[in-house]
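Each of the two complexes below includes chain A, the first together with chain B, the second together with chain C.
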Partner chain A sequence: MKHTLIHLNSSPYSSLACKEGLDLALVLATFEQPVDLCLSGAALALLTLKQNPTTEQGKNLHKLLDGLEFYDIENVFIQANQRLDPNTTWQGIQPLNDAEWHAMFSHYPQVFRF
Partner chain B sequence: MQYTLFITGSPYQSKACHTALRFIRAALNTYPNSIKGVFFYEDAVLIGNQTAQPPRDEINLTHAWQEIAQQHNVPLYLCIAAAVRRGIISESESRRYELDQHTLADHFQLEGLGTLVDLMNTTNNVIQFR
Partner chain C sequence: MTDKNLALDEEGYLLNLQDWTPELANQLAQELELELTDAHWEIITLLREFYQEFEVSPAMRPLVKAVSKKLGAEKGRSIYLMTLFPGSPPKLAAKIAGLPKPANCL
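Our next item is the complex of A and B:
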């Protein structure tokens, strides 16, 4: 059993990449594989509260975040210097400083990027 | 050492399928049993579309991967959810969706992500091409 990091870097609304990365995370967790998430770049939009996308804009992937704990996905990392507004950002994230962020990628035997 | 190849890049918008093809040829020529399976996910599943017709003066990537599967007995898995969403439909899925055609190319098979989990747990490393 290998600990997997799924790195989301794509916008949740510009392609299916973010959704398919989350799908993989949930399947790994369903099969009791340890998995953590980290978000950067356009994928940070996933964290914004009160999203209400239309059908054309895509599924509301933000809603999945509150369910992550039920899959035992407890770690969702971001870089600390992102200046996200805590009032409008999902609270389940763990900010890492630059050194921790860069070191993180070598802690995992497998990193998949979406 | 045995590896799994995990390909997520579209055959039309990235070189992921091309680069993975070069990698797998080199690996299998040197170590014939080094690749346990290839799992295509995201837009990479488009590689399994039997109706795609590339221009004749360009590489037919689907045929190239089929040759790998035939010559080296390497299974080529397409994520079933990603594939069906994109119109890559096997004969059995065609019946399930009550369609009158199927589009899955020979030597590719539709499998769930559980197959990827199994490959991850039974090979030394997974190499992603995106």
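Our next item is the complex of A and C:
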């Protein structure tokens, strides 16, 4: 069974890329394929609490993070050197140091970037 | 019959989630030859809460997990959901609950 890493690095609401990455994660998980997520760059905005996207921006993708447990998606990685305010950031993330972050990508037989 | 002015997609799912009412759920269920009992309503309510919380309609596996977590392991089984919503519980229950079709259901 291939373990998949989905790397989100696009802004959650400026295009469909981030949503498509999350959709793929849910599809794989629904069919019992192990999947982990990692976020960097503009996608880190997804972690900000209390989002209120407009109708044009689409669904509130942040809400999905709390539902990942029902899909057995347990790992959401970020780089530890990101300066995210713990008071306004989703708590389910796992920070990795630089070495762990770079090594991570070679641990997975397939990586999808969105 | 349901109100002809209601916007449904080609598979009969409600397009405007705000149009949903419990009465409409009963009408939709009747058209699907289901009579809603308290057990059905328990699942419909859970589904609507799930959607409100996560903005996604769950496919079978996450639905079973959500039911198990909220209503207990006895009800959190696919066979139990199949007896209530024959065929495809996530699709049938989502349709009656006025939610989008689960994107991950075949």
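One rule holds for everything that comes next: the second predicted complex is superposed on the first by the 114 of 114 C-alpha atoms of A that agree within 3 Å, B and C clash if a C-alpha of one lies under 4 Å from a C-alpha of the other, contacts with A are read in each partner's own complex, and residues count from 1 in each chain.
In this text, a contact is a pair of C-beta atoms (placed from the backbone, for glycine too) under 8 Å apart; a residue touches a chain by one contact, two chains touch by 3 or more.
In this text, all values refer to a predicted model and were calculated from it rather than measured experimentally.
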With the two complexes superposed on chain A, say which partner A:D23 touches: chain B (first), chain C (second), both, or neither. both
Should A:N60 be classified as contacting the first partner (chain B), the second (chain C), both, or neither? second
Counting only touches as set out at the top, which of chain B and chain C does A:A99 meet: first, second, both, neither? neither
Once the structures are superposed on A, label A:Q33 by its partner contacts, choosing first (chain B), second (chain C), both or neither. first
Looking at the overlay, does A:R113 come into contact with chain B only (first), chain C only (second), both, or neither? first
Report for A:M1: first if it touches chain B alone, second if chain C alone, otherwise both or neither. first
What residues on chain A does chain C touch that chain B touches too? 23, 27, 31
Parts of chain A lying in touch with chain B, wherever the complex brings them together: 1-2, 4, 16-17, 20, 23-24, 27-28, 31, 33, 109-110, 112-114
Taking the touch rule as given, give the residues of chain C at its contact with chain A in the complex, in rising order. 50, 53-56, 58-62, 65-66, 69, 103-104
Once bound in the complex, which stretches of chain A touch chain C? 23, 26-27, 29-32, 59-61, 63-64, 66-67, 69-71
Interface with chain A, chain B side, in the complex: residues 6, 8, 41-43, 81-82, 85, 112-114, 116-117, 120-121, 125-126, 128, 130
